[in-house]
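Two complexes, one shared chain (chain A), two partners (chain B, chain C).
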Partner chain A sequence: MLTFQSKPFQTPYFWPTQKWVAEDSDYAIYLAKRNIRKKGMLEPYEQAHYNHLHEWLNHKWDFIVMQATEQYKAGKERKKPDRVVFDCQERAYWIVNKPPRRTHSAMDSGLELLIDPNSDEKIPFDTYRRMNLFYQQAIMRSKVKSSVSLGALNKYVATYKNHDPFLAPCLPSNPWLTDNDTYWTLNMRQLEVPTKMRVERWSFSLFELLSDLRGRDDFKIFLKKEFSGENLAFWEAAEELKWGTASSMTSKAETIFKTFLAPGAPRWINIDGRTMGLTVKGLDHPHRYVLEAAQTHVFLLMKKDTFFRYLKSPVYKEIQKKALNPEPHNFSPGQLEQNAQNRSPGIHPLILWQQDEAEKAKAAAASAPVDVKALMSKLDRKK
Partner chain B sequence: MGEMEELRKEMENLKDQITAARKTFQDSTLQEAAAGVTVVGRVQLKTRKTLRGHLAKIYAMHWGTDSTLCVSASQDGKLIVWDTITTNKVNAIPLKSSWVMTCAYAPSGNLVACGGLDNMCSIYNLKGKDGNVKVMRELAAHTGYLSCCRFLSDTEIITSSGDCTCVLWDIETGTQKTVFAGHQGDAMSLGVSPDFKFFISGACDFTAKLWDIREAECRQTFGGHESDINAIGFFPNGNAVITGSDDATCKLYDLRADQELLTYQDSSIMCGVTSLAPSKSGRLLLAGHDDFNVNIWDMLKAERVGVLAGHDNRVSCIGVSTDGMACCTGSWDSFLKIWN
Partner chain C sequence: MTSRWRRSVGELALRGRQRGECERAQEALGRVTSCFQQLAVSLGSSADGSFLRDEMDETRHLAQRICRGLSRRLLRLLSDCGPAPSIVEDKQVSDCGPAPSGVEDRQVSERLWVLFLSALEHFLSDLRKAYNLIGRFPLTQRNDRRSLVNTGCMDGVVAVAARVASVQAPWLTMEEEQSPDLTNHIAELEAMLSEMQLRVPVAFWSVEATQLAGAECGGLEGLEEGEDSLEELMEGEGGSRRPACCCLTCV
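On to the complex of A and B.
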């Protein structure tokens, strides 16, 4: 029940500090009251709310109308200045708590809206032309039958079913449930022996394999044995170029050209003549996406051929055998309590980042092209 | 004026052709395709942690990749980076403008961004030299509020704004690289594809658009909603798009079939969707609503299989961690809850 204080300027009721939660039935009473005062004075968005509440709170609509009438009568008995102040406070309160559509806060309603939602659009001539072009392109675009898309969605969901922690339990245990973070220690970015589930995920798609750095490393081992590591090396270099800093682009582009694309380059990649021509030309003015065509080509090559051979290879079979399948934890309630008390924050992200940088530096040094002259002179000096 | 009339007629004709073409490609419904799939059964997730610390409504949250860290933004003017497992605050960043509406965590973990009614996207460096978190860049050029932002890398970020455009920024120089214009209403949210080649945006003109980042053009437009689209996200395989709207429904659109596949709606749900996130396998869709609850949908069967109730005010943001282990919800009641 709403109670009113008739003392002047003291209606702390509506002050946000009171933390009174705006109930739907109160809002309904407020809107009904305004309707009683003058029919048709509700804004379109308020009318929409009113209709909605009328439907939803239909069972107590009599009560709402009764409350609204009571409040309206009580309001009329107040002195005019008090009434005006109270009405303003009430109106402001509801604008803040039930803001109009398309606004995130009462701050940006009204004149500041850049597009007036109620006005008709006058579409200029040029826009029609562009829209028609867009629609024509849309018609000509190759589409896939919905059965194919649905099949693909189905397949994806089925493939990942056991890898979804909301649907299947994880081994050894879910850290959120047992406060034991062995699961995360076993699945860190860089480690010797991955878990069986992780190795299984590598077989789902080349994208999944390359996204997991540990998987990428295993793939590299396989490629080294096949002496075809240049494709993956090129792909990695192209990723670095795409996401690197603008200042590094020219130097990176040069290195990539010398290592992978120039005739007689030490790690020459085998792409078709047309793509090679376009890429080399583009490298004169390198930008982030200059290697896009070549990178896509290389990715497809790996996806259609190398990836499947990897999955059948002894390297993959070996890692599958080596992979861990941890025993599920079976904690007693007492142990669970202890786990909760021993909860550690884990390794600080700054330290992990520093470790990553150190690894990257080591890898860069190891894969730098060997300076044959320096090596020979070193050997000569040893003699 | 005769030419205008002709163009308008041509446009209507083309739109009819598109609708007809879509119908011919609709040779199966998800109900038929998923008929053989086993039912998921009731999904019950419980609150595992409550993150307390914000003093006002939480408007946005975003998980970091590969970690248990997440960032949240609240209108008390703070951006907080949480270690969700211990509920400790790793960083509490005071903001210049307290009217923040979105936040994002960079994939590398080095940067966080936020923005709101100040029309700017502020980038903060978490890995500063002396451990201090400082503003690295302020990206200002939008003429409307910033509704959403997402990092592509440490050098590029995409933002969507109330001025109906989305923009790709170069963080190093602080300039706009591409402006994606085409929406006829405030762009409310955006999502980046898993391969970082495309992004989708949902707007107050009731449509969602797919944009090619490299070619800087709108590839596809999806309509069908009856009200503002507040939330948008990619299906985990990157070939489908999920949208959530003020009309209380969520829709699934397929990119290759270029049409809507499913609508997730229930007569008992009457209030708008504010945020959504799919589970790792894509089987479950978690959608946050104005009625303080989160509904869990079985994406293949279009049935509600669970509800997360626990917040005392509107659920404003939701996210599933990268490894799919936990879901985090943020609410106007100033708390974040981790569910599992």
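On to the complex of A and C.
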């Protein structure tokens, strides 16, 4: 095996230099030699050069072939390791001088010479200033190792593999393919019993859980049992602020402040002092994202603590057990035809929206601070 | 008429022999110059030394002898041939027998001419490079050896030198002339080149190759089994064979 004592360098004969431009006939000889060695299997770009030179240097071609053959034989007279070294160096020389397609040439030569190599370069102060700025910014940028990001991608794919409708069949059947909308009915917003896939999806991350409104409901049930619903309530309120109309923003901001942030508020959330200070100051001039910092903080609190407790809780375990696992459909072509004919327009979105609003009203009423006087009078009347 | 025919046949036969001599000399020149290149490649490397430089001198003296002889003979050949023969002469010659026509004769000589001039130019550029490198790495003093570059070459030029020694030029025994040093050698060759180009007008582009593209592949007998492993050896050291940006770290 070849071992060098120290890293070997290119021999001076093959050093790139402006003085000796690499001649076409030299290149032709090299290509002919390579042709002999590779028994006609040149790289495509080399073959293209070869054909071109065969045409243009046709008058010299006999000489080129003769010289190539002689050089080949002379090269064989060297000891094998030296021959390898020579071949490598020659190859490197020609890759630099005649670079393959779509590679950047290391030589800056010819008419497009950008730098005059014989002049002394005086770098001006402004260039240094810019260089410093560039390097400072480059250092400050947060970097992620590709191994880390690829690992994350890998993990994501592994987790979501079975839930992707392109990669895994959706149960019971894909409505777009079979014209049977059981899948949609089973995965509606307001549902007693969700499907198993849906429930599994909630366990992936808090974000998934909260994005699915049915999951959010389940989470709310759990939180009520734990008496720690104010974090989620604040988060929802912040979402409403973000997505709401511009006119309602000031009023919403006020309500949120009174309910969650004011000292001694009924549903006071526990966020750190700095964020609280920033948020309260921002509320003087409320805008859509004034609660962004606090919302993120609350989200992180829930994610790090409550979420995992939820996954281990009896609430979640029960819903997992109850969840449906529909059988996959197996329609014959005739049945598919029938399905196609019996397509229905589905539930009107207005109805769904009305249902949503009714639910929200109920929830608001349930969580409203208890009016003691009214309660007492009710009890009195009952008596 | 008969005597003229006999004379022209005789002339053609002589020219044929002379051409053969030139062809053999051309081959010898090719061998010597390629060996010279192999030696020149080691200049400035750790294999450089007085032995190498002596061998290089020997090699180029031999090349010089061949060049001088070839240039003289070719000049004679092409000046004797005269400019392209007129149609009248041509017909006369071809009427008289199966001897090759003057035009063909001329074409072959021109081909040799072009080959020699190409070889001369090629050798000259190698000589100039060698001159430059010797100037950069003079080995006149002991500690000059420190400037030599480690190219990973072990000494292997002995066999190359032997190859040079095996070359036989047809007129070596006859002529014994001065062996110039490198500078004068280059000057002499440059002068030879320009003289030849001025004396005989030859249209380079009218010469055609006798070999088809790719014909050289089949020529050589049985390449040894080690050939493919040579590429593997080259690949094995440095990872990817063809870097996306070409830098000189192929080895």
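Keep in mind that, in the parts below, the second predicted complex is superposed on the first by the 208 of 383 C-alpha atoms of A that agree within 3 Å, B and C clash if a C-alpha of one lies under 4 Å from a C-alpha of the other, contacts with A are read in each partner's own complex, and residues count from 1 in each chain.
The working rule: contacts are C-beta pairs under 8 Å (C-beta built on N, C-alpha and C of every residue); 3 or more make two chains touch, one makes a residue touch a chain.
Just so you know, these numbers come straight off a predicted model, no measurement behind them.
Chemist: State whether A:86 touches chain B only (first), chain C only (second), both chains, or neither.
Modeler: second
Chemist: Once chain A of both complexes is superposed, is A:343 in touch with chain B (first), chain C (second), both, or neither?
Modeler: So A:343 only meets chain B here.
Chemist: Just checking: does A:74 make contact with chain B only, chain C only, both, or neither of them? Give me first, second, both or neither.
Modeler: second
Chemist: Once the structures are superposed on A, label A:204 by its partner contacts, choosing first (chain B), second (chain C), both or neither.
Modeler: neither
Chemist: With the two complexes superposed on chain A, say which partner A:39 touches: chain B (first), chain C (second), both, or neither.
Modeler: Only chain C is touched by A:39; chain B is not.
Chemist: Which partner does A:62 contact after superposing on A: first (chain B), second (chain C), both, neither?
Modeler: second
Chemist: One more residue to check, A:308. First (chain B), second (chain C), both or neither?
Modeler: It touches nothing on chain B or chain C.
Chemist: On chain A, what residues does chain B touch that chain C touches as well?
Modeler: 104-105
Chemist: Which chain B residues qualify as touching chain A in the complex?
Modeler: 3-4, 7-8, 10-11, 14-15, 17-18, 21-22, 25-30, 33-34, 37, 40, 43, 45, 48-49, 59, 64, 66-69, 83, 85-86, 88, 90, 99, 101, 109-110, 117, 126-127, 143-145, 147, 152-156, 162-164, 170, 172-173, 184-186, 194-195, 204, 214, 218, 220-221, 227-228, 235-237, 239-240, 246, 254, 256-259, 261, 270, 279-284, 299-300, 312-313, 323-327, 338, 340
Chemist: Sort out for me which residues of chain C touch chain A in the complex.
Modeler: 26-27, 30-31, 33-35, 37-38, 40-45, 111, 114-115, 118-119, 121-122, 125, 128-129, 132-133, 136-137, 149-154, 156-157, 159-160, 162-163, 204-211, 213-217, 219-220, 223, 226-227, 230, 233-234, 237, 242-251
Chemist: For chain A, which residues count as touching chain C in their complex?
Modeler: 2, 4-6, 8-14, 16, 19-20, 23, 25-26, 29, 32, 35-37, 39-40, 50-51, 54, 58-75, 77-89, 91-92, 95-96, 99-100, 103-106
Chemist: In the complex of these two chains, what residues of chain A are touching chain B?
Modeler: Chain A residues touching chain B: 21, 52, 56, 101-102, 104-105, 107-108, 114-115, 117, 121, 125, 128-129, 131-132, 134-136, 138-139, 141, 143-154, 156-161, 163-167, 170, 174-177, 181, 184, 187, 189, 207, 242-247, 289, 292, 343-346, 349-350, 353.
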